[in-house]
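The following pair of complexes shares a single chain, subunit A, combined with subunit B in the former and subunit C in the latter.
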Partner chain A sequence: MLLKTETYNQQNKFVEYCRNGKEISILGAVPERLPHYRRLVFNGFKDALETTFPIAFQYIDSKIWDEMVYTFFSSHKCSDPQVWRMPNEFVDFCEAENYGEKFTLPFLNDLLRFEWMEVEVYMMEDIEYPANISTTILLQSKIAVNPEHKIIKLEYPVHMEKPFDAVDKKGNYFLLLFREKETGRVQFSNLSILFAFLIENISAEEKTLEEILNDILYLFGINDLKMLQTKVFKFLDELKARGFVLGSLKI
Partner chain B sequence: MLNINCLKLRRTIGIKQLHNQKKMKAGIGFRKEFAEEFLSGSAIHPGFVELAPENWMNIGGYWKRQLKQLAEMHSITSHGLSLSIGSPEELDMKFLKNIKQFLTDYDIEIYSEHLSFSKCDNAHLYDLLPIPFREDAIKHVAQRIRQVQDYLGRQIAIENVSYYTPVAAEMDEATFISAIVEEAGCKMLLDVNNVFVNAFNHNYNAKEFIGNLPLDKIQYIHMAGHTKVADDLIIDTHGEAIIDPVYELFEWTLERVEPVPVLLERDFNIPELNELQRELSSLEVIMNKKWETNNVIENRNI
Partner chain C sequence: MKNEKKVNLIKGTLVAGALLSVSALSAMPNSSSLFEYNALGSGAEVRTEILHTAASPFNLEAKCGEKTTTKAESKKAEAKCGEGKCGEGKCGGKDEKAKTKKAESKSKEMKCGEGKCGGKDKKAEAKKAESKSKEMKCGEGKCGVE
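Now for the complex of A and B:
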């Protein structure tokens, strides 16, 4: 490296000051102007996180929120050069620091993950839609769905309730997020575990709908195939009306 | 899909028009905040638009469609935020690969970056920090710029940044910038407002500073507003209209620089688009007055 250790140390000290505010001596620096950098850099983080997590920011006590944001800012080394992706690192950081337990916010991991996932699906790179589709949903065919989607598993229903109302409703929740082709808006659909299994298997494009239903009969201990088919077709029709299910893949 | 042939034809017209057209037009930094109204095409008529690639690459959906529409309407220049050319560590080649792809996808001729660092010890701070004005930093940064240029297969332009305190400086800023431009073989983006801000904050003469820069290497000019936060301190906010003394410095500068693209930056406190159009028009009046007669003063006469 052409940079001398002394120069590197000065840059590093400057950055460390910006992050943790500890008093330092930087050659030639104007001490009373250093706080402006610290303020500007911190505000960049603060604003990005408040914008990405509006629900968490609204409902979490401001002192706790500030502590989480400040600790992240001062101790986490952000690796992504695209600032809009930085909040994803905040989600992982809060989970690793076990903030949900520390601050008695059991829904925290789910809430942050849910809010980030909306951004991620909204911004994700375009994925090519399947070609050769029949608009009818056929039992003997593989089903085509909007490829721009994610399914997340939550312990608390933060997608349906205010965060603190969700605390006593711990369970297994599955949420489908998909991006509308025409508008780019993100749509949500609450899924039962059976329908989450169904959608994940449909997305894999490895089995026909009939084969997936047979798997469901076996795995979920269901005996009534006709009833299952009726419910699944109703569910798929609803998702088709919302632009998620596209039809059947032609062989 | 973008009609690439049409795009390339219009691009060729676009940037070259900046030099050849009878009435030169200034560009504007494109912001999501005004994207919808901007793309309706009636409120503002810039000569070109500038994007930060970091905010627009590797995305899809609504904003990618907006970007495609923008690219069909305007020539695009790019002004990076996260290359961190002054960082001690190695360049992020994955990031650079994405930049290269973005420049190719949208047929972008000008890629500029800040002469600053925003990453240290492998941690991004997402802000522009001043590089120590030192001999070893010149060698280090110039070598990194050459590496970027080799990889991208083009010259890049580096921008003089505003700074509020020097960090371990051993020389003056103009000497530092000039040496890097010379050693790296790159172009320069002259931010006139940054010169004004720095001259005020560090008590030097703005014209003398500009006179000491390699003016023949200037590829691009930025203009912006700022905010005075104390009697002795201005912050480069891009959140106000350009003030008269910065216009005067701009006018003085244009007498010494060949015609190049000029851009208005407005990132915060964004007004109505017709207000931004008025600022563009003010810049264009000066550009056309100073450059239409090709009366650029030789650098040696400064």
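Now for the complex of A and C:
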């Protein structure tokens, strides 16, 4: 919808005022009432962030949290028209502003990303499940998995520990998130690097399980194929019971 | 040559960076940590686990008769006093309930990015929980429902 230039200007002024609180004159507006709008908008903003990041909100010092939120609110021009995506912009903003280093919160980027990913997976568009599958997991087949999933890499185990306890445990952590078909709930699994590699390759649907296992043998310097197969089948069976692995793709 | 093959195998994968580091490549073959995984449960369970293990050691050090305030509690009070969700009403107490709701059902109710003010229509809540597609994806909140 095209707006008159003047209307557009007035709206922009109002938005700017809501962001930074600097006094302005807006046509037809009663100056004493403007702060209420600002308060309403800011609280909606603040509440959305506290709800999306309950762990960060709880553990990060209130003053730091408020500063991060207020700076984001006042200086970042959100580009996504969908309000629920706004916290993702907050994650990017904090990364860009290097708040982790600034506030000595090395886990910050991981924590925000981890908390945001649940929303992203929960809200992701429905993806069609593979149709032609057998429920048995076969070595010579490609494996079918729940397509509504993501794997992320974290440096700190913020998905398993209180954030400040995770500070000394920097490393490589892989987190699998998938959305349950029936309930829509997002399930989390912490994976070793080997299993992360396995799941990534399985979901690419380019190689059979046997081919992937051969790559793993080579890549990880494992020389006991039988042991590898036993461990992998046990892992896949458990993921099948949890609704992530669906079976084998029929050719 | 060998390394080139390895690089090709992991090219573009999430594990690439980790695998290319010297320490990972020289990780002990057949090491049991390579086969570790934990089913952490749903988002609510993961959150509850992390938030509920927040017992502060300072609680134990309280002097007789002294009221201890955990960081989370004081923060809650600070965040919610005066201005409630959506900036409307909701002063004082009741934030226990709100906090629990936040911790346990982030995905069910709050992901739309907009708060919920006023009423506590159970019917509406149930509806929300069961049909996210109907209400949650619109990006609109629900205010003043009674």
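The rule we apply is simple: the second predicted complex is superposed on the first by the 235 of 251 C-alpha atoms of A that agree within 3 Å, B and C clash if a C-alpha of one lies under 4 Å from a C-alpha of the other, contacts with A are read in each partner's own complex, and residues count from 1 in each chain.
The working rule: a residue touches a chain if its C-beta (ideal position, glycine included) is under 8 Å from a C-beta of that chain, and two chains touch if they have at least 3 such contacts.
For clarity, every value in this text was computed on a predicted model and none was experimentally measured.
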item: Partner chain in contact with A:Met86 - subunit B first, subunit C second, else both or neither; value: both
item: Contacts of A:Glu118 with subunit B and subunit C, given as first, second, both or neither; value: second
item: Which superposed partner A:Leu2 touches (first subunit B, second subunit C, both, neither); value: first
item: Partner chain(s) touched by A:Cys78 [first = subunit B, second = subunit C, both, neither]; value: first
item: Which of subunit B and subunit C A:Arg33 touches, first, second, both or neither; value: first
item: Contacts of A:Ile24 with subunit B and subunit C, given as first, second, both or neither; value: neither
item: Touching partner for A:Phe14 - first (subunit B), second (subunit C), both, neither; value: first
item: Residue contacts with subunit A in the superposition, subunit B compared against subunit C; value: C
item: Touching partner for A:Asp224 - first (subunit B), second (subunit C), both, neither; value: second
item: Touched partner set for A:Leu138, first subunit B, second subunit C, both or neither; value: neither
item: Common ground on subunit A, meaning residues reached by subunit C in one complex and by subunit B in the other; value: 40-41, 44, 48, 81-84, 86, 122-123, 184-185
item: Interfacial residue positions of subunit B with respect to subunit A in the complex; value: 54-55, 57-65, 81-82, 84, 86, 88, 92, 95, 117, 119-127, 129, 131-132, 134, 136-137, 139-140, 143, 164-169, 229, 233, 235
item: Subunit B-facing residues of subunit A, complex; value: 1-4, 6-8, 10-12, 14-15, 18-19, 26-30, 33-34, 36-37, 40-41, 44-45, 48, 76-84, 86, 122-127, 148, 179, 183-185
item: Complex interface listing, subunit A residues touching subunit C; value: 39-44, 46-48, 50-52, 54-55, 57-59, 61-62, 81-87, 118-119, 122-123, 151-153, 159-162, 172, 174, 184-197, 200-201, 215, 218-224, 227, 231, 235, 238, 242
item: List of subunit C residues in touch with subunit A within their complex; value: 5-6, 9-10, 13-15, 17-19, 24-25, 27, 29-30, 33-44, 46-47, 50-51, 53-54, 71-72, 74-75, 78-79, 83-88, 102-103, 106-107, 110-115, 132, 136-137, 139-141
